[in-house]
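So that you can tell them apart, the chains are marked A, B and C in the order they are listed, and the count of residues begins at 1 in each.
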Amino acid sequence: MLERLANEIPRFFSGNNMILLLEAAGTTLLMTFLGCVIGFFIAFNLVYMRQTPGVFAAPLRLVAISYIEVFRRIPFLVIIYLVLFLIQAFVSNASLFSIAVIAICIYATAYTAEIIRGGFESVPRQQVEAATVMNFSRWQTLWNVIVPQAWPVIIPPAIAFMISFIKDTALVSQVGVFELTFRAKELNNQGYSGILVFGTIAFAYFTMSYPLTRFGQWLEARLASPGHQKRP
Amino acid sequence: MNYTFQFGIALDRLPELLQGALLTFELGVLAFWGGALIGLLGASLKIYGNRLLYGLAQTYVVFFTNTPALIQIYFLYFGLPEVGIRWSDYTCVLIGLTLNAGAYLTEIMRAGFVSVHRTELEAGETLGMSRFQQIRYIIVPHIAKYIYPAIANFFIVILVMGTSVGAVIGVDELTGQAINISTENYRWLEMFMVTAVIYVVLTFIASISLALIGRWAFRVKAKIF
Amino acid sequence: MHHLDIRNVRSAYGKTEVLSDVSLTVDPGQVVALVGPSGSGKSTLLRVLMGLNPPTAGEIHLDGERIDYQRKASVRAARDRMAIVFQQYNLFQNMDVMGNVTVAPVKIKGRNRREVEDEAGRLLAKVGLSDKHKAFPDQLSGGQQQRVAIARALALKPEILLLDEVTSALDPELVNEVLDTIRALVADGMTMLIVSHEMGFVREVADTVVMMDKGQVVEMGAPKEIIDAANTQRARDFFGKILRH
């Protein structure tokens, strides 16, 4: 085993391979970022929709709640396949990268929506009432009262979700996107040792995930302390 | 769009899908309990162990929570045969998920351990309880109530997300079955829509059951939704 | 025609009826006080007026015009003319004092910011907080926060001011500064509907005292009549219990 590794390591860490893997890592990070950020914005609107009051808005609320409750309970792999086949039924030559981003987006929307809703609900209802009786519209209340107080509660878990999702993107290798796990499989198929390949790739994911996770924890601590709030 | 939905063909194979769901459940339960035991051990090491034991547990946790479960499974499936260990695809997924779960559960349980008051433990000590006995008779019953929601939720996560990863290396759990059948009847879209519905139903049943168990056994007001 | 005419209003919370057949009137410049035990529906009446709880029966008229709580436009118009100060002050924690007082006139009513800030300065001086323009709510005492809340309500130039137990959440030593502020408003001729437990204060400033119990009006009349010589047994019990000073 050790001789095999000694043999393969120089070839494995060749310039070509490293460039390929670096690009793949970039793809992984880009997919994650795009999918999660777009998902966040859609989720924001979804939560707004979900909280629309009044009898006539019931269908809107139902749609929003249903989306969130359903797509939080379907495995990411299944969502990937669904998006793949659904899109290919319409657009036969859609790029795999965009399919992956859409799948990430759908999944992220459902999860982030709960984070956002939690943030909104963390603002005491009485302040919302005070705004309401002063004739603030819902939108005005949202941007003048709720969001300024909710965002320190929303951002850390939202970022933590995105960072955690870097690992989940490994599944899009299944539809052929040229990300890290796909390249790893490729290299393994080319004959490199599984221990070498997957060990290295695991380490690659680690170097992306761990520092960012620590950053997220630092950010959370920073936003939770009273020091960050505006002071004269 | 030139695609006609033919759900009939997909639904004909429902029994096989449900068998896959059974395997999903089995994998989920086994991986969860295995992970829970590891979690208990890991949390104990982190709290009571010396620096070496703490470091060991911490390394394990940090490694398994910052790498994808799929890569962990690939490592077992493609890497181990090279040193002579040839596990079935099912075993690789089971062990991989268990190790993965163990890392997360270590952290969940550690948080629970820390919440137990020192005085309760000292009382146990004066009664002559060994560390192990303290853990078993004081800590676990005490924290069970507090960490139950987190653990119950984690179980749903393993059940739904974790086990589907097995499909990638050919395990015939729910997603795997969906893939198998689709390659035969070419009704990919319908099969996966049905599969998605089964997952949603499965997790609702699991959430509600766990919430009810929580209320009955621990008087925990766990959320159903 | 009365300024504010509340007729046979009912309100329910689920199956429980919180207000049963409440009627009272408020005329311009009048100070009407609502008193009674907890749960009697006093605060609920104010909330109904401001459209926070729906009335299930009865009518409320402002200057003879009925407020239709089912129609948004009608509720908005009513809210334009009345302002409420809550027991818990409900200040916006993300804005400083000046921000709290000016946000509604500037952003909701669209008035000129410079004008509004000048007015706000005068209002804050009136409630005794000239040096606190840039303070945030969590830097102020309860009494100070409540005075900001009063200034915030006054900045809307309401015709009627509703005060919902505005001193009940305050430490005793802070109650007087708020009562003084209210006394000044009474002297200015502000029309007010006050819910309060401060019987001495009520006796002093109110033109009419309305006693409520279990969602109904038990007695109504001049302060001396009601508080000193209550007619019904319920009222006597209530006042007897609380008037120990």
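Note that in this section contacts are C-beta pairs under 8 Å (C-beta built on N, C-alpha and C of every residue); 3 or more make two chains touch, one makes a residue touch a chain.
Fair warning: this is a prediction, and the values are worked out from it, not measured in the lab.
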item	value
Steps in the shortest chain-to-chain touch route ending at chain B and beginning at chain A	1
Per-chain CA centroid nearest to the all-protein CA mean	A
Whole-Å separation of chain centres (CA-atom averages), chain A against chain B	21
Centre distance in Å when chain B and chain C are each reduced to the mean of their C-alpha atoms	55
Distance from the mean Cα position of chain C to that of chain A, given in whole angstrom	47
Chain C: positions in contact with at least two other chains	none
Touch list for chain B against partner chain A, complex	1-3, 62-63, 66-72, 74-75, 77-83, 160-161, 163-165, 167-168, 175, 178-179, 188-189, 192-193, 195-196, 199-200, 203-204, 225
Contact set on chain A toward chain C in their complex	124, 126-127, 129-136, 140, 144-145, 148-149, 229-232
In the complex with chain A, residue positions of chain C that touch it	50-52, 76, 79-80, 83-84, 86, 88, 90-94, 96, 103-104, 107-108, 134-136, 156
Chain A to chain B touching residues, read off their complex	1, 4, 69-70, 73-79, 81-82, 85-86, 89-90, 167-168, 170-171, 173-174, 181, 184-185, 188, 193-195, 197-199, 201-202, 205-206, 209-210, 213
